[in-house]
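Going by the order they are written in, the chains are A, B, C, D and E; count residues from 1 in each one.
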Amino acid sequence: MLSSIIWTPLLFGLIGLLVPKRFAAWVAVFGAVITLGLSIGVLAGFDPDGGMQFVTDVNWIPGLGVDYSLGIDGVSIFLVLLTTVAWIPAICFSAIRGTERPALYYLMLLAGETSTLGAFLAQDLLLFVLFFDLMIVPFYFLFGIWGRDRGGEGDPEGSPGNGLVTVQSATLKMIVFTLIGSLLMLVGAIAAAVISADGGTITFSIQTIVARGLPGGSQNWIFWFFAAAFLVKMPAFPLHGWMPDAYRAAPLPALAVFSAVLSKVGAYGFLRVVLPMMPDASDLFQTTILVLAVGSIIYGSAMAFTKTDLRLVLGFSSVAQLGFITAGIFAFNSSGAEGAVLQMVNHGLVVVPAFLIVAMIAERTGSEELGPMGGLAKKAPVFAAIFLIVTMATLAIPASANFIGEFYILNGLFQVDAAWAIIASSGVALAAFYALRMYQLTMHNPLPDGADSRELSLRDALVLIPMVAIVVVLAFCPQLIVHSSEQAVDSSVAVVREVAK
Amino acid sequence: MEEVAFFIGAIGALGAAAAVVALKNPFYSVLALVIHLVFLAGIFLLLMAQFLAASLIVVYAGAVMVLYVFVAAYVGGIEEPKWDASPELRVIGPIMAVALFVAISIAVLGSGLAALGTPGPDDIPAGFGTPEAIGHLMMEDFLIAFEAASLLLLVAAVAAIVLAGRRRGDKGSGTEQRKVLVKADEQANAQVAGNGEGA
Amino acid sequence: MSFDAPTMDYAGLSPIIALTTGLVVLVLAAVFDRIKRFGPALALLAYAVTAGCLIWQWDADVDLVSGALRLDGLAVVLSLLAVVSAAVAVLLAIGDPSETQAGRSDWLALLTGSLLGMVILTQATSMLTFFVGLELLSIPLYALCGTNLRRRESLESGLKYLIVGSVGSATLLYGLAMIYGASGATGFQEIADGLQAGDGMLTDSLTLVGVGMVAVGLAFKISIAPFHQWTPDVYQGAPTPVTAFMAVATKAAGFAIFIRFFLVALGPLVDQWDVMLAALAALSIVVGNVGALAQTSLKRMLGYSGVAQAGYMLAGIVTATQAGVDALVFYLAAYVAMNVAAFAVVVIRERQSGFSDDISTLRGLGREKPLLAWPLTIAMLALAGLPPTAGFIGKLYLIQALVDDDWTWLAVMIAIGTMISLGYYLRVVAALWMSPAEGDEAVPADGTPSDAAAAAAGIDTASLPPQIAGAQADPFADPQADRRWYLLAPAIIAMAAALFFGIIPQPLVDFAQHAGDALSVWIS
Amino acid sequence: MDIEWYIVLSALLFTVGFIGVLVRRNPVVVLLCLELMLSAGALSLLAFSRMLGNQDGQVFVLIVLVVAACEVVVGLGLVVAMYRRRLPLDVDEMKELKG
Amino acid sequence: MTATWAWLVLLFPLLGSLTIGLTFKALPDRTAGLIGVAAIVAAFVCGVLALIGLQGEPSESRHVASSLWEYANVGGLKIDLGIYVDPLSIFMVLVVTGVSSLIHIYSYSYMKSDQGYHRFFSYLNFFVFSMLVLVLAGNFVMLIVGWALVGFASYALISYWYRRNTATKAGMKAFVINVIGDIGLYIAAILIFKNLGSVDYGTVFEKAPEVFSTNQWEIVAICLCLLVGAFAKSAQMPFHTWLADAMEGPTPVSSLIHAATMVTAGVYLIARCHTLFELAPTAADVAAFVGLATLLIAGTIALAVTDLKRIIAYSTMSQIGYMFVGVGIGAYSAGMFHLMTHAFFKALLFMAAGSIISAMANMQDIDKMKGFRKAMPFTAATLIIGALALSGFPGMSGWFSKDEIIDFAHFRRGMYDWMWVGMLIGALMTAIYSFRIIFRILPGPACEEAQYLIDKGHVIHGEPKNPATNEVEDTEVGYPGEEHHIAEQAGGMKFAMAILAFLSIVAGVLQIPGVDEVVTKFLEPTFENSVFAHMHPSTGEAWLGLTEGGLISIAGIAIAWLLYIKRPDLPGKFRQRFSAIHTLCVNKWYGDELVDFLVTNPVKAVGRFCNRVFERFAIDGATAGVAGLTRSAGAAVRDIQSGMLRGYALLMLFGILAIAVYFLIRSL
C-alpha cells in the first residue's frame, strides 16, 4: 500500500515519457490524483492509536543491513497527505500553462513527489537518508532547466539591488548547501547504526536503533550531523544562504511544492529521527537549537519585510515559519511538538497557493517586484479574496489553523522558558507586517501603468480554490490533525522528556 | 682486496653516474652511462652475480646503449643552459634528493637487521649467481615472471613500431637518412627482444 | 641439477592464456592488411573468451605456478572489471584517430598487452610477478597515450607519463628491494611470514621505508596525491579511448595489487601504514576535488576527479577489513560504469565537435541529443554520489566500512570531498541541460576546422602531410558519431548499470563481497 | 665488504639518478637518468640477495633489466615520434598540458 | 434555548457575509444591502430572544456555556468552539447588533453610489459576526479569535477604498498594532493556562481566586498582558495612533467600528475579566491611569485638529478613556453604560459628520465648513443632539453615564480623587470641542458647498479627491461615485439617525440614580462576586456628581460659544500665545513620531541591517568566503600543476621524502 503511494507518481512520470507530448501533463495530473486517492485510502484505514502502521519490510541490501522498510504513523500521515495534495495544484498549474519539454518536466516533478513521499514513509534510517538526498535531484533539474536567470540592476525583469542570479549558480548553491548536510547525515546515520549495533548485526531500522540506544558521547556529534542536514533543508538561519538565489531562479510551480513540502522534511526528521534516537544530545543542545529557531523567526521576518521580491518575501517567511516549527519541536512537550506538526501541514497548504498566486501576479504585471506593483484587486475580486485568505493564513490570524499551530507552539515554548515564547511571539507581529505588506502592495493601491488587472481564469480558480478550501476547513477543525497525530508525536518527545528528567 | 675493488667500482660507477647527469652533450652522457654500467657490472661480480654482470655488459652496455647512441645522434643535442631559471628545481631538487639519500641511509644503517653489517653468509649454495642457477630459478619458480617479461618485450617492440615506425601518411616526407634510422631502431628493438627471450 | 618443472594448472591459467593468445594473434594480424580490419572483432573475441574463463573460474581459490600467481575471488572480480573496460575501449576506439594511425591491430595489441599486465597484476602474489605485471600494464599504456601522433598533446602526455611513471617504478623497485632485504622473501605470504619471524622487523626502519616507497609506487599508479600530477595531463592528452581505459582498468588493477600487497604481504604491519594511507587518501580527496573545480576540459576534469575518487577508494584499504575491501571493489565497479558512460559521451562529442573536449561543447546537448546527455548526466550524478545511482551506494558502503572501523574522520573527509565535487560535476550537468547551445562559438560538427581551430586543438599543421593538414575536412571527424552503436551502446549500458545498481545494489554487493571473501584468511 | 656499503652506494646512485631527472631537460638524458635509478634498485636487490644467500633477487634483477630496456625502447620511440613532429625535445617545453 | 439563540446571533451575520460575498456577481446591489441589513436585524432579534431566555433564569444561574465541538486539544490545553452567555455578553450583543442594525440601514443609503457595495456589506456583516464572536466567546482562545477577526474586519474596512495609498497605510497600521495587542492576549492566555490549567472562562474565573493571592506577580502579568490587548484594540495610549488614521474608511465604518463597537472591546475585556483584575489591583490601576491619560491627551488633540472625522475620533479615544477609568476603578456597570450611550451618540455624530462630508464633496476640514444649519437642518439637529449628549448636557444620556464614572472615582477617594479631577477637566474639554464643531460648522454664512446645496437642492459634485492628500483619484472601483448622499435626502440615513438621536437623548433614563438603575441590576449577576458589586455611592452623592458634571458641561459649552461665536479671534490669539502647546496638540502630541522613533524605525533598521549588512556580509560573505577558499585552493593545485615535468618529479620526491621521514620517525 505504502509502496504504491511512493511509486505511483514516478510510474506516471515514466508513462508521460511514452505518450505524445500534449498528453504528458494530463498523465501527470492523473498520476498525482491517483496518489492522492491512495493516500486518502491510507488515511481511511488509519488508526490514530495504532502506532506504526501499514508496515512494509523487505531486505533491500542485506549485505549492508539496509532494508526497504516503510510505515506510517500519526506524524507522517498528514505530511504524506500534504505532499499528495500539494503536488496536484502545482502540476495542474503547469498543465494549464504548458511548459517546454513537458515529458521531462513532469517526470522530474513526479520523481520529486516520489522521493518526498519516500522520505516521509521510510522507517529505515538509510532509506530515509537516500530519499532525503534523492529529493534534491529532481528539483535541481526543475530549477535548473525550467528556471530562469534573474538580472541585476536596471533589468526590468530582475530585482534592482538584488544582484544577478544565474540559474546555474543558484542551483549549484542550493544543491551544495543541501548536500553538505545530507552527506554529513549519511555519515551520522551509518555511525548511529554501527555504534548502536555495538559489534552485533548492523541494522538501520529506526526502531531498532532507538531501542538499542546510542551512548551519550556519540549522540553529541551524530546529533549535529543530522541537525546540519535538517537545518539546511528547512532552511534555518544562518544556514539559509542558498535560499534567496534558488528561490529567485526557480520555476514557481516547482518552487511551490519545494517550499511547501521539502522544507518540512527537515522538521519531520527532527521528530522522527533525532529526538527518539538522540534524546540526550537533543536535551543537551536544546538551547542551541532554540536560539537558531528563534533566530530564524526574527531574521526571517526581518528579511521578509525588507525584501521586495515576492518570492523572497515568501521564502523568508518560510524561514520564519520553520523557525516556529523547530522551536515547537524542541520544546519537548506535546503542545509544542503537536503545534509544530499542525503548523507543518498548515504552512505547506498555504505556501502552495501563495507561490502560484505570485506566478499569476507576475503574469498580470510582468514583474515579481513589489515596488512597481499594485491595484490588482481592481477587476479581480475573486483573485484578491483568495489571496487575502492566503495572506491571513500566512500571518496566522486567529481562527486559522495556523494560529492554533502557533499558539500551541508558543504554549509549548512557554513551558520551557517564558523568554523563548515572548521573543518568538514578536515573529507573529512581524508576520502580520510582511504578509500584509505583500498583499497590499500587490492587490491594493493604485494600479500602475502596464499592469493588467484581470480576474482568475476558471481553470486557475479550480487550481487554487481547493487548496484554499482545505485551509478554511482546517481552520474550523484543526483537531482532526491534532487528534490523529497526538500519540505518535507524544511518543517522540516523551523519550527526550524522560531523559531530561 | 674486496674493499679496494668495491671502492674502485663504487667511485667509478658514481663518477660515471654523475657524469651522465652533468655532461652537457647527451652523446657523452650515453657514453658515461656505458662506463657506469661497466663499473656496476664489476660490483655485481663482487656480489656474486656473474650471470647478471655478464648480461649487463652484453645486453645493456651493448645493445641498449647502441640504441641510445643512434637516437641521440638522430635527434641531436638541445641547447640546455646549465643552471636555468627555475631555482626550486636546480637547488631544492638536489637538496631534497640528498635528503632522501640521507633518509634511506638512516633506514639502512639504523636497521636492526644484523645481517646488513656483514658481508653476507659464506655458506651460499654452490653455483650462486651462475647462469645455471638463475636459469633453474627462471624456469621453475619464476616462470610466469619470465614469460611475462618476454611478452613485455614483444609489446615494447610493437610500441616502438607504432611510435617510431614509418607509416603510409609519411610517404615521401622522410629523407633517406631517416628511413635508415627508422629501420635501425626497429632492428635494435628486435635485437633487444631477441636477447631477452634468448636469455 | 635436475629440472623441476612447476605444476601448471591450465584451468587456473586459462584467462592469461586466452589473453596471451589474443595478443599474439593481434600482433600477427598487424602484418596482414586483410585481417587487420577485423582487429576489433578479434580483440573483443579474445576478451570475451578471457571473461568466459574468468567466470568459469569464478569460485577458484588456487595458487598457480609456484606461488607466482593466485586466482581467487579478488583476482577474478577485478580482472573482469579490467576486461570489461578494455572491451569498452576497443569499441570506443573504432574510428578513433589514434587507433587508425597506430594501425589498428598494433594499437589493439598494445591495449591487450596492457590488459594482460592487469590480469597478471590482479593475480600476482610474488614481487616479481607484481613488478613485471605492473610494467606490462604501464609500458604499453605509455605508448598508447602517444598514439595520436598528429596531436602534440598526445605525444607530450605519453612522454610525461613515461618519465614520471618510470620514476614511480624505480621508487617501487627500490622499496621492493628493501622489503626483500628485510623479509628475505619475494612471495607475498613469505614476506609476511619473514617479517613476523624476524626480530623487530615489523617496526624496523628498513621495512618501513621500503613500505613507504612501495606505497609511493602504487599510489602513483592509482593517482593518489601528491603523486597524481601526471593524471590530469595524461588524461587530457591521451586519445580518449585510452583515457577511458586508463581511468578505469588501471585503477582496478592498481587497487587489486594494492589490496593484495598491503593486506597480505604487509598485513602484519597494518598499524604502521594505515595512518599514512589515510593521510594520502584525505590529501587526494582534497587535491582532486579542488583541482577539478575550474577545469574547462572535460577529460582533464575527469582526471582530477579520478584523483579524488582514488582517494575515496584508498580509504577502503585503510580500514584493512573485509568490509573495506568489499566497499572498495563495489565502488570500483560503480566507478567503471560511471566513467565508461562519461568517456563514451566524450568520445562521441569529440568526433562531432572537431576534437574538443571543452565543457562548453556540451551546451544544449540535453535539448538536442538527450540520448547523449543522459548517460553523461547520470555519470556525473553517480560520480557526485547522488542517489539513485551506484555512486551513492558505493559511498554509503565505504563510509559504513570506515565508520565501522573507527575511521569516522576519513568518512567525513569523503563527505566534504563530495560536497566540493558537486561544484564541477554539476557544472557539466548544467552545461548539458541548463544553457542554450552556443551556435556560433562551437566548431561546426561537419564543417571544416579552420587553421586557427586546428592550431587551438594543438595540431601543428606545418608538419602534417598535405592531405591531413588544413584545407580539408578532418578525416576523423564524424558528425554521425551519436548514431554509432559501438559508441552509444557502452554509454547507455554503463548508464543503465549505474542506475540499476543504485536501485538494486545487492547483486553488485555480492560481486564485491566475492572479492573480499578471497582475503578472509588474512583480514577480519 | 659489508652489505650496508652496497646499499648506501645504491641509494647514492638512486639519488644521482633522481637529481638527473630533476635538473636535465633533454628527454634522452632524462631516460638515461631513469636507467640510473633502475640500476640502483637492481644493485640493492643484488646486495640483499647476497646478504640473504637467496638468488630470487638475482632473477628479479634480470627482470628489471628487461623492464629497463623496454622502457627505453618506448621512451626513445616517443622521442623519435616527437622529433618527427618537429616538437622541441625539451621537457620544459612540454607544457601544453597543464592547469 | 438561550445558547441556541446565541449561536443564531452568530450565525446570521456570518451567513449574511458569506451570501453577499459569494453572490457578488449574481445579486443586484440593493438586494445585497437588504440581505446585510436583514442579517443584522435578525441577529438583534435573536439577541433579544436570548436576553429573554436568560432573564427567565434565576439570577444566580444566569450564565450559559455551550460548545459546538472540540477545536483542539493537546497536552491538556483543551480549546472548545464554545460560547459563554451571561448578562454582560448579552448586553454587548444587544449594543452591537442594535447599533449595527442602524448603521447598516444608514449605509444602505450612504454607500448607494459606491461600486464596491457588495464588498462593503460583506465586510460589514463579517465585522458584526467577528464582534459577536468576541463578546460571546466562551474561552480565551475564542476571545482571541474574535479579537483578531474584528481586527481583520477593521483592517478590511479601513482599507476599503484600497486604491488610496493613505487608506492602505492606515489599514496596515491598524492591523499591525492590533496584532501586537493580540500577542498580549496570546501570552495572557498561555499564562492563564499555565497557572490555571484551562482557558475556559468558567473554570478560570472560578479557580483564579483560589490559585492567586492578590497582586501575585503572575496574575499581574496576566492582567497586564490582557491590557496590552485591550489598549491596542481600544486605541489607548501608547497604542492609540492607529485610530485617527482609521478615519480613512467610509464614514459608516468609522461610526460602527471605530466609535460604537470594536474600539470598546477593551472595556468589555476588562469587565469580563474583572475577577482577574480585582486580584491584580495594580493592573487595574494601570488601566485606569492609562485611560485617564488618554482621555486628557485625546481631549487636547480634539481641541486642536481641524479634520472633522478626526476630531470625533479623538473624542472617541477620550471617551473610551473614561470607560477604562470606569472599569479600572471598579465602576463596571457605569463603564458598560457609558459604552452603550457612547455607542449611540458617537455613532450619531459620525453619521451626521458623514452627511456633512458628503455635502462637502468629501472635504473634511472644518475650517472650510460654514453655515450648514440652513443647508441641512436635519443633520444639524442630530449633530447638536450628539454634541449635547457627548458633552454631558444635563438630561442627555451622556450626562448620566459619564458622570457616574466620574463620581465613582471621587467615591473611591485616595488617589482616585486625582482621577476625579482629571476627568472633570476632561469633561470640560469634551464640552468645548463638541461645541467647537457645532459652532464652526452650523452657524454663519453658508460656505460654497452649503450654498450650492441651498440653491440647487442637491450636493455639489466635486472632483473625487483624497481628503488627506488632495490628490485626484480615479473612481472606477471602490470610491463613492459622483452622487453623494446626505441625511436630508436619504430615508435610510434619516431613519437611522433619528433613532440614534432619540436614544442619545433618552437612554439615560435606564440608569437614573436612585430611580431605576436598570443597567446595574441587569449586569449584577455577572459582577456579583466582585468586591465592588455592592459599593456604590449613595443616591445623594450620585446626584451631586451629576450636578457638578452638568455645570461643567454647560460651562464648557459657554466657553465654546465665547471662543467660536462671540470672540472668534480668541482662538487665533491663543494659538499664537501658546503656539508650542498648539503645535503639540495639532501634531497629536507627536504620538506617531514617538512610535516611529521607538518601534517602527528600530524594527525597520533591524530589517535593513539584516538585509543590507548581515545577509550580504555574514551569510553571502561566508558562503562566498568558503567558495573562494575552495576556489583558491583549486587555483593553488592548478598552479602546482604547471605542466613542468620536472616539477612533477619534484613533488613526487617531496612525497617520497615525507613518507620516508614519517616512517623513520615511526620506526624509532
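The rule is short, and it goes like this: a contact is a pair of C-beta atoms (placed from the backbone, for glycine too) under 8 Å apart; a residue touches a chain by one contact, two chains touch by 3 or more.
Model, not experiment: these values are computed from the prediction.
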Kindly list the shared contact partners of subunit C and subunit E, in label order.
A, B, D
Counting one step per pair of touching chains, how far is subunit C from subunit B at the shortest?
1
Hey, which chain is the most central one here, using CA centres?
A
If we define chain centres by averaging CA atoms, which chain lands farthest from subunit B? Would you check?
E
Busiest interface, counted in C-beta pairs
B-D
Averaging only over C-alpha atoms, locate the centres of subunit A and subunit D and give their separation in whole Å.
63
Centre to centre, by mean C-alpha position, how many angstrom separate subunit D and subunit E?
95
Which whole number of Å gives the spacing of the CA centres of subunit B and subunit D?
7
For subunit A paired with subunit B, centre-to-centre distance based on mean C-alpha positions, whole Å
69
Residue list for subunit C, restricted to those that touch at least two other chains
128, 131-132, 135, 139, 142-143, 146, 149, 158, 160, 163, 167, 171, 174, 178, 181, 204-205, 208-209, 232-233, 423
Residues of subunit D whose C-beta touches two or more other chains:
7, 14, 17-18, 21-23, 25, 31, 42, 47, 49, 51-52, 56, 59, 63, 66-67, 70, 74, 77-79, 81, 84, 91-92, 94, 96-99
Among subunit A residues, those touching two or more other chains are none
Going by the touch rule stated at the top, which chains touch which?
A-C, A-E, B-C, B-D, B-E, C-D, C-E, D-E
Where on subunit B does subunit C make contact in their complex?
103-104, 106-108, 110-113, 116, 127, 132, 136, 139-145, 148-149, 151-152, 154-156, 158-163, 167, 169-171, 173
Contact residues on subunit E for subunit B in the complex?
644, 646-647, 649-650, 653-654, 656-657, 660-661, 663-664, 667
For the subunit E and subunit D complex, residues of the former touching the latter:
638, 641-646, 649-650, 653
Complex contact set, residues of subunit C against subunit D:
127-128, 131-132, 135, 139, 142-143, 146, 149, 152-153, 155-160, 162-163, 166-167, 169-171, 173-174, 176-178, 180-181, 184-186, 232-234, 236-237, 295, 300, 458, 460, 462-463
Of all residues in subunit D, which touch subunit C in the complex?
7, 10, 14, 17-18, 21, 27, 30-31, 34, 37-38, 40-42, 44-45, 47-49, 51-52, 54, 56-57, 59-60, 63-64, 66-67, 70-71, 74-75, 77-79, 81-82, 84-87, 91, 94, 96-99
